[in-house]
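A, B, C and D are the chain letters, set down in written order, and residue numbers restart from 1 in every chain.
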Amino acid sequence: MKLIIEESYEELSQTTAQILLGHMHQDRRVNVSITAGNSPKRLYELLPPLTKNKKHLSNVHYYSFDEVPLKGEPLGMTAGLLREQYFTPAAIPESHIHLLEPEHYQSFDDEIANAGGLDVMLIGIGGDGHFCGNMPGSTQFDKLTYKVEMRPEYPWYDGLKAELGDKMPDAFFTMGAASLMKVKHLILIANGKHKASIIKKALTGPVDPMIPSSILKLHPNLTVILDQEAASEL
Amino acid sequence: MKLIIEESYEELSQTTAQILLGHMHQDRRVNVSITAGNSPKRLYELLPPLTKNKKHLSNVHYYSFDEVPLKGEPLGMTAGLLREQYFTPAAIPESHIHLLEPEHYQSFDDEIANAGGLDVMLIGIGGDGHFCGNMPGSTQFDKLTYKVEMRPEYPWYDGLKAELGDKMPDAFFTMGAASLMKVKHLILIANGKHKASIIKKALTGPVDPMIPSSILKLHPNLTVILDQEAASEL
Amino acid sequence: MKLIIEESYEELSQTTAQILLGHMHQDRRVNVSITAGNSPKRLYELLPPLTKNKKHLSNVHYYSFDEVPLKGEPLGMTAGLLREQYFTPAAIPESHIHLLEPEHYQSFDDEIANAGGLDVMLIGIGGDGHFCGNMPGSTQFDKLTYKVEMRPEYPWYDGLKAELGDKMPDAFFTMGAASLMKVKHLILIANGKHKASIIKKALTGPVDPMIPSSILKLHPNLTVILDQEAASEL
Amino acid sequence: MKLIIEESYEELSQTTAQILLGHMHQDRRVNVSITAGNSPKRLYELLPPLTKNKKHLSNVHYYSFDEVPLKGEPLGMTAGLLREQYFTPAAIPESHIHLLEPEHYQSFDDEIANAGGLDVMLIGIGGDGHFCGNMPGSTQFDKLTYKVEMRPEYPWYDGLKAELGDKMPDAFFTMGAASLMKVKHLILIANGKHKASIIKKALTGPVDPMIPSSILKLHPNLTVILDQEAASEL
């Protein structure tokens, strides 16, 4: 694990952009998987001017890594956010966007393998220690992409139900820890005081299914980028 | 995980030899880590005629992955077995043998990284589910190469004490699961009826520190080679 | 360049089989490109029993690297030979056979790149120094897959015309030197006294478009396997 | 070959910095070879603030790729320039600087191979088409690191003599085209109107020993970054 502690969220975002761009600027197909959410907000302001309509980046393909289908909505939660935050502002062509969808989740790892594997994946970490859709209580570490039933006994059920209301689906889908181990370069970003405690647990505590991101320490090429606040308990 | 079930121990050994030789015959430094013990016995009859004094294999370097120092003995247990089973019959030059030793275990992962990483590692599995020196009760999954104190409370202590007697050291040394995740191609071999039960648990059960090899399912490029007997409970 | 000189054609063929099998036995898609012709005849007796109907080799995909369409024939020359020598005896499923054909030669390198690139390619060498369809007089070293017009001024035209007669097409197709440089492991085999002179020129002489295989010395990971006779002038 | 044409020298320099930083920010040893001279001047203003004293970049090692020893001088020309332009301002520790020197040029490729190979190399192009020390008239494409005698019949002799005067050595040293083919990602930068003509010849003309950089089109993973002026004849 390479740990990078940046002075600020701005520098965290710039370093993350450099790493992603560094991977993209090669003369071969490059498969990138990126996260939506709050942590990469600034990143998605920095990147589009550097990637939009760049002919020399036509080798770059994008993959999502989880999906929460929403009842009554045309787009799943992840697809909607990725489009809003990055694909649309960066004008990524549809043929270069590969989304995890309920219909083909069982073949998603094969699809990626047949395209040469993921070169780089950017993920965040939840306050409860989740990564992608690997949540406390519903995570088995040896899974490739899998389906997670929405069960009231899971510790995250009530919170998600409150958030999604009538749009709550019966299941969601995520790449598992075994999928992520195959990513050639995994990048985890976290910023802010509210992430300090879980960062400490995930990066320095034992591997524990109730803190799913604790397994990421096993990744063969993991770069963790934090701002000072997120690193404050290390 | 790629699972290969061979008709017999002979075929298991031949396939293992092919894989190792396939890696070795490249025009770049190739770092190989190999196991001693019963499972590779036939392999070490097949390999030496194909590797001994072959000028075109001068690119191959060998690494051990664990060591049990023996009180009053010049060689550790692993070093002794590897020399007897393979390094001596294959006449591997000393400059191409890199052994994990107590004096430098803390820098062993760096030493390997600075040589380009391990291209391939061959391991076995113990009846108790151990791999390398990652034993039930003393294994933390997030370790690189580490030192294991001999504590009577560990479930394997009495058996090892009975085996080693006066030669029992105070500690032994092993590459950890995090070290193995960095190996580019990991090969696990097992043969015989007495391995059938642990193979089932390790390959199909949950990730569990009491069955250390259960973590290997997370490896990004794992090939498991079994004979019919070892596969009989799958 | 790694140079392997084997005692005999039999050992040359066995070593070649080991290298190919070594690549195949990994837990990821493996893309293999193989040659037809005389040099691999024994190889194609050794391989099929080891690859036919092996479920654990379902990760292996095959690519051809050149094609001479034949007038009035349903199959091109390369496709016909590869099917006869290997694909049919080894019962390789059609979905794992990817042939270079006139209709899509311009996108063939992209197709390969989008499948993760070629892991290993096996080629032979012609008595005139050609490799794949890169012939003396019609070869430019900086080509990816390209079309070669049949022009009477080329030194090989008369010989090919005599061989193909009425089936002589107007053009043939081949991966170029730039395509081959992207192959992760390139294997060149040659056997017999009649190859000794061209092997010497190609491996020890200057890079020269009239001896197209002289460029192969630049490959980043080239293994050359010869029998004693083919190596006799080195 | 991936061709990137940037609006300006500033953008060329920023993109180059991103690519280098992208490679560096991984959790494994990364070997970087960089050029001195005019083209990377701005790059070496951008990089040091981002790499100086960064503990998380302790995995990065630097290699030079050529050397002109200077009579009566303690440092060779390349060593002197690299130290002045980058190693000193970025405070790169001596243990991470690996310079090609006359005493060990014959083992330089092995030294690099034993450290895992070069991950990325940044080169420029001379007005005469040279790259590294591969000069018109003295270049053979199949060379690894080699020694070039200073012979008056070479087209570049008089110019170099005029430049170096009494410091002119008897020979200089350079990695050859075969060395560069092994670099995992090769980056060529050029800026300014005076590079436009040679860029056209090198990138679009035939492979020709009198324009040594014409061979670079064969590299399996080459990124060329130009400003508008250097690209103006393409």
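Heads up, the rule we're going with is that a contact is a pair of C-beta atoms (placed from the backbone, for glycine too) under 8 Å apart; a residue touches a chain by one contact, two chains touch by 3 or more.
Remember, it's a predicted structure, so these values are computed and weren't measured experimentally.
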Practice prompt. Chains touching chain C and chain D alike, please list them.
Written response: A, B
Worksheet item: Where the centre means the average of the CA atoms, what chain is farthest from chain D?
Response: B
Discussion item. Roughly how far is chain A from chain C, centre to centre by C-alpha average, rounded to an integer in Å?
Written reply: 41
Worksheet item: Just how far, in Å, is the C-alpha centre of chain C from the one of chain B?
Response: 36
Discussion item. Can you pull out the residues of chain B that are in contact with at least two other chains?
Written reply: 28, 182, 220-221
Item to complete: Going by the contact rule at the top, pick out the chain C residues touching chain D in the complex.
Response: 140-142, 177-178, 181-182, 206-207, 209, 214-215, 217-221
Fill in: For the chain B and chain C complex, residues of the former touching the latter
1-5, 15, 17-23, 25-28, 56, 59, 185, 220-223
Worksheet item: For the complex, which residues does chain B have touching chain D?
Response: 28-29, 113-117, 182
